[in-house]
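Some structures are shown below for you to check.
Here chain A shows up in two complexes: once beside chain B, once beside chain C.
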Partner chain A sequence: MTEQQKEAKPKKRMTATRAAASIGPMVKSFITETLQARAEGKQKLAYTFIVCHHEEILRAMDVIPIWTENFAGVCGAKRDAERFLQRAESLGLSRSLCTYALCGIGFDQWREELGEMPPDSPWGGMARPDFMISSGQILCDPRSKWYQASQQFMPDVPIYNIDLPYPLFQRDQDHREVWGYYHKYIVKQLRGLVAFVEEQTKKKMDYDRLRELVDLSDRTWNLIDETYRLRKAVPCPMGTGDAMNTMVPICFMMATQKAYDFFVELKKELEEKIAKGEGEVENEKYRLMWGGGLPAWYALNDFNYFNSKGASFPVETTYRMVLPLYEMDIPETKDPIEHLAWRWLGYWTFWYDKARKRPDSEPDVERLINWIEEYKIDGIVMHEAFSCRTWHVGLIWQLHQLGKIYKPIPLYVIGKDGKREIVMKELPSLILESDIIDITSYSEVDTRNKIDAFIETLESYRVNRAY
Partner chain B sequence: MTSYVAGIDIGSTMTKVVILKDGLITSIIGPTGPEQRRLANKVMEEALKKASLPFSEIMYIVSTGYGRMNVPFSDRQITEITCHARGVNYLIPEARTIIDIGGQDSKGIKIDRSGKVLDFVMNDKCAAGSGRFIEVIADTLGISLKDVGELSLQSRNPAKISNICTIWAQQEVAASLAQGVKISDLLAGVHFSLAERIGRMVSRLKIEKAIVVTGGGGRNKGLLHALSEVLGERLTVPEEPLITGALGAALIAREIVEESKKNRIDLKTKERRLEEVEIL
Partner chain C sequence: MRPDEVFFKIEKQFKDYGSRARQLHKEGRKIIGYVCSFVPLEMIAASGAIPFRVRGSIQEPITLGDTLLETIVCPYYRSCFDLSIKGRYEFLSGLVIPHACDSMVRSYSVWSYSLPYSYFHFVNVPTVCEESSFEFFEEELKNFKKSLERFTGKSIQDEDLSKAIQLYNKNRDKIRALYELRKNDPPLISGTELTMALTAGSGLPIDESNEWFDQVIAAVKGRGGSPLSKGPRILIDGACIDHIELVKLVEELGGNVVADTICNGARDSFPKTEESKDPIQALSRRYLDKLNCPKTYRANKAGTFEGDIANRFGDIGTYAREFRVEGAILYVYKYCDPFGFEVPARKAYYQSIQVPMLHLEDTYSAGNLGQLRTRIQAFLEMISR
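Up next is the complex of A and B:
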């Protein structure tokens, strides 16, 4: 696709916080740093994925991560993914596969064919890696296949695959009965990663430095949790639109002082806004939860559209990839690798105990219920991204389950005799449908029509609420 | 004294106008496009003529449908989801699930006894879930759209249409026709194919009775038969299934007028002048 065929640039999304507005340049800068590092050749570069609890290992070994999902997201947000998706299709890969992976594979093939970056690559392009760290975890299968496909074009670039499982939820079994086995396995996987990176970098791991970085990450986790909890305020000072920016330090900058400092500043900013009574929306009428699904990166302006109708998003399940460590029931250890494995297990089993106590609940549904109450939520919005099976399978089931087990809302309706009666209704929900970066799956008119109808439904609930 | 109010529903293929006072004064249905895209105001003009009313007599106008934002004389825009709910509730108070089958999309709407929307689903991405599917197939078979329903009911052995994409289904139908499959069987197969898609979509809503079908799909007896079979439920169709959105819009307009009178608030209205309507 030529420059002329590119999609029109999206309108700039308005952010509620200064911190969120600072993210664009931050992402551009770390992409530029990878390109500089490639040119200088002093540090090793690794393709890798978010949510693997391995950043501390990479940073302790001075390896620069190249977040391939992030680059695909940047292409999507700049509405410049189509030409890379088409490249991948021309290689025989179906559009119904993960479009992050397709975008990355198409980009890699093009870069390797040219021996340089494809023309006008977003923010300079994605640097060639020295090695790739894939992740065959329960969460997402393209994470183990993507780099194998890319390796066709870079046969000299080795892959290390880390497997990070966690015990699945069982109502009649305490996960702690088996998580020791999982822990041993994950520790082995992470130690294998250390050995692989040592071999690639010809350096030995400095475990004191690793311990310091793990401690920094732990402190950042708790700080992020404290910061995001401030969004419970009414009006909400920062919404999901901004959180789709502030996910950057969470997912791509963990184990750096910059990430910690970012959240110190954001926390301060939110506290100031709360003190002044400033909300994301001037007159907050509805408080919504982004209840699941990756966003359509090219259509983040839809959050502004929600805002224009008086709807704020105080909380989202997407990219809330940290939880308070002090609330996790995980064993103490001085070994940083063992701690990373426990933190992994603590994160994924966080809602298990609570879900077990509520009949018919499940961890994902339990999280929705808890946050509906804590953040005073009036409705749930989800996004089914057609190419992301991992996220989108189960979203509708979660809503059905929520409707079954969560308390209904009392509303007044006019009965046949003209008298007002109280009836009980489920929390309203909206499912948007498109994709993470494939803009051909998206229609702004249809999406906004659905949003309008949802807002009308919320308004009807608001006006008729009985108590 | 009750004022005249109007609802205008600009759908992708048809434009509908309803004028109300104490009861229904008039309703008009006319084509929206594609060649008449800019002529939707003519439908309003016709409605006024039929009701023998000057435009200035219409106190308040609510527009709905895909073209609702581009009606220059509309005082308020409300989505077709809310308007269908209100219109159907007025005509059939026991309705709890609405299936609206339009030219370019189809919707499922759950409502309560007061006509408020509880939940909705839409298929707006694929022609195979909308009336367009039938139009394309009718065209392929060289049959008038108004005849497809009756013809399909003559089928003893509905054909199995395996393709879910309109374009591929069109080719499949053409190939089956060449092989000697009866037109009535093909049409019945096409209706079942569309009904199954719509049935899957609305089943997300946990369907409750009474189920009401609106939109152009409500006029197609073959599709109604197939949908009833697929859902295993009896379906109800309003006398004129195309106007429920415009009727709902007019009912909401009337509520707004009554509310403003009760609270002694001046209503802000647009100039009553008919101009070309630009569809999105």
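Up next is the complex of A and C:
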């Protein structure tokens, strides 16, 4: 098998906040902890996915999660995913499939073949799990297929596949008409997970501890929301580039005091910056929203490139995996499992009521509209990663629908008779194309040319805005 | 009708797909489009509307569709969207999309906001197959029922559903009878004819579809021979293949397509709904448990890889024995995560049952047929030795 040489190490991305700068060592340390735990054999390790609202259950039972998407992202960020992707391809898996999964399966197959970590594995490699918790959601097919494919190479490792649906937005139906049976089902699925983990760990769930962890997560959710709302300040104290770091405690460390403390510190730091009038960019000219798509992990420097043109990103839809709980319709319950199920439904249906009120709106479009206004956005940037349908299908249409229903921007232009006239234009947008970790799909030159052209458009809007 | 007239009609109905639905629409009937095998057609039929399977076209370049839907979507599904947005299915009153794959789920808004139909519904099919998911799915089916009742203005009674279940079961029996005709060597009906006949049937109201298959069965039996010469007996494994080009290629190159697992073939047509059960419960079992689609996660109960693939892909082995299959073509669309991730396991399964297999990844475009021809030719030569 051809094993490509590693790509040149990327230049370190500059962060605006101390908190974001502290993330790299944090990730390294939790990957190292999983390797130590594997060696000691005292705690059970589970492969699993982010955004399943099940961290509390795992942590209450002292199970250490191995976030397989995170490891693939690390391989991507270190520009060392290609050899694992090629290995997956050699098994018959198409490069058009989720490259996180391909990277993980390629890695698993190699580790199992060798009986040890593949040579020079990023940050020591991904530990062999005791069990795997996959997830069939209305969200992502690879989540229920990835571990099933990996199990071919480690058939002794059992899988629990948790089904977590939510009602899709339908214009003619209030989601509350159906969410009773959704809730009942999700509760059963989560209880099934508890039973599975109990069987694997030979321990009983401590429900008091679970309740405490759920409460900790809830407090962290609201704290994150408050912290991120500070980014509405002009100039914006922290951008999406940093948020691609601070997603780590949101996605991989929920239900830990460390995650809560992290956001206490970040909030303090942002408040200080706002008080001093310090922005992510020294001379903020354009405020952009990262309106969809996972980032190209090997090219996070592109955020610095935007910054160098005076563009800041006060908000992003990606990895904003929390929303204010107090604004959700969550019924009171003392049962932490029931609460987790309501929180799940509350999160996914958060924008439904608002979307229903605005003619021709839709939850994803509604979120764009709300944040354009709240964060004073001048333009939208999206990234289309070719290998992921989960987060990257519907983006073009969202922009199309936004243009159709959202108020246009009045611009002065020189008309045919040479006189200045006003034309109405849509909010400028840019869709970048590459992948999450497959660097072969990325061209820095093309990407930056597109960014340059987009910045010119933004500048033209800025200069010619009529009112 | 004489056999030659029926075979002429098969081709005509295939080419003029939708003509009958268009006519019924003009007569005031509600035609409800659907994509994928997970949509419970019995429910639509019980509401008085006519289900109509939306097709793509590998000959038609995707143009308008690409202005609204990303090119990383399953190419078959993109083509269905492209034709729909171009007005090919203007006679539809509504459309039902199930939770089958990300391409369908994530583009639901794109379809439902871009097409001019007055009815849209999403059926949320669970991903796992266990007691709690059957219970959930029953509730989801009841919600689908309510939604159809609102749209059609007709209350759906249990008797209506039972009657529709019976009609669809009859339809599946007839399709099974057509498949039986493939057991001859060479088969009495070619794969190309069968695909065209099934496709034509999926565009008709269920009672007409039943009559249609009676005519086709009679015509095939009355023809008194096979349209093919003996050749390697091939099984086509994959998702929805609603065009005839792949099957035609195999048959032009000397193979006999005798079996399949595809959505508009055995996957959809072989499993029947239990008639003695409560209709909603019976539909929940059929659509969730009996449809063997990679989208549904089935737990590894065997505890071994070999046992797991035998459980997951056992239908392939059954068909291979039943139809005396000598080779298989696993035809997977690019960007199809549910099937794509199963390729290594399916390869292993084919090895375990000692059926040679050719894996093709395709982009649902007539432009690729040349490449497919070369690969299929080499495969047929290899297994003919």
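Following the convention adopted for this analysis, the second predicted complex is superposed on the first by the 463 of 467 C-alpha atoms of A that agree within 3 Å, B and C clash if a C-alpha of one lies under 4 Å from a C-alpha of the other, contacts with A are read in each partner's own complex, and residues count from 1 in each chain.
Convention: a residue touches a chain if its C-beta (ideal position, glycine included) is under 8 Å from a C-beta of that chain, and two chains touch if they have at least 3 such contacts.
Note that this is a predicted model, so its numbers are computed, not measured.
Quick one: classify A:414 as touching chain B (first), chain C (second), both or neither.
first
Which holds for A:462: it touches chain B only (first), chain C only (second), both, or neither?
In the superposed model, A:462 contacts neither chain B nor chain C.
Which partner chains sit in contact with A:396 here, chain B, chain C, both or neither? Use first/second/both/neither.
In the superposition, A:396 contacts both chain B and chain C.
When the two structures are overlaid on chain A, which partner does A:152 contact: first (chain B), second (chain C), both, or neither?
Second partner only.
A:209 contacts which: chain B (first), chain C (second), both, neither?
In the superposition, A:209 contacts neither chain B nor chain C.
Is it chain B or chain C that touches the larger share of residues in chain A?
C
A:445 in the overlay: touching chain B, chain C, both, or neither? Say first, second, both or neither.
First partner only, chain B.
Thinking of the overlay built on chain A, is A:189 touched by chain B (first), by chain C (second), by both, or by neither?
In the superposed model, A:189 contacts chain C only, not chain B.
Using the superposition on chain A described above, determine whether A:423 touches chain B (first), chain C (second), both, or neither.
In the superposed model, A:423 contacts chain B only, not chain C.
Identify the residues of chain A that lie in both the chain B contact region and the chain C contact region.
In chain A, residues 396, 400 are touched by chain B and also by chain C.
If you look only at chain A, which of its residues touch chain C in the complex?
91-94, 96-98, 101, 134, 136-142, 144-146, 148-149, 151-152, 155, 158-159, 161, 163, 165, 167-173, 177-178, 181-182, 184-185, 188-189, 192, 360, 362, 364, 384, 386-390, 392-397, 400-401
Where on chain B does chain A make contact in their complex?
Result: residues 66, 78-82, 93, 105, 112-114, 116-122, 124-125, 204, 206, 280 of chain B touch chain A.
Mind listing the chain C positions that touch chain A in their complex?
67-70, 72-73, 99, 101-103, 105-110, 112-114, 120-122, 124, 126-128, 130, 132-133, 135-136, 139-140, 143, 147, 150, 294-295, 297, 299-300, 303-305, 308, 332, 334-335, 337-338, 340-345, 347-348, 359, 361
Under the stated contact criterion, what part of chain A meets chain B in this complex?
Against chain B, chain A makes touches at 396, 400, 411, 413-416, 423, 425-426, 428-429, 431, 433, 441, 443, 445-446, 449-450, 452-453, 456-457, 460, 464.
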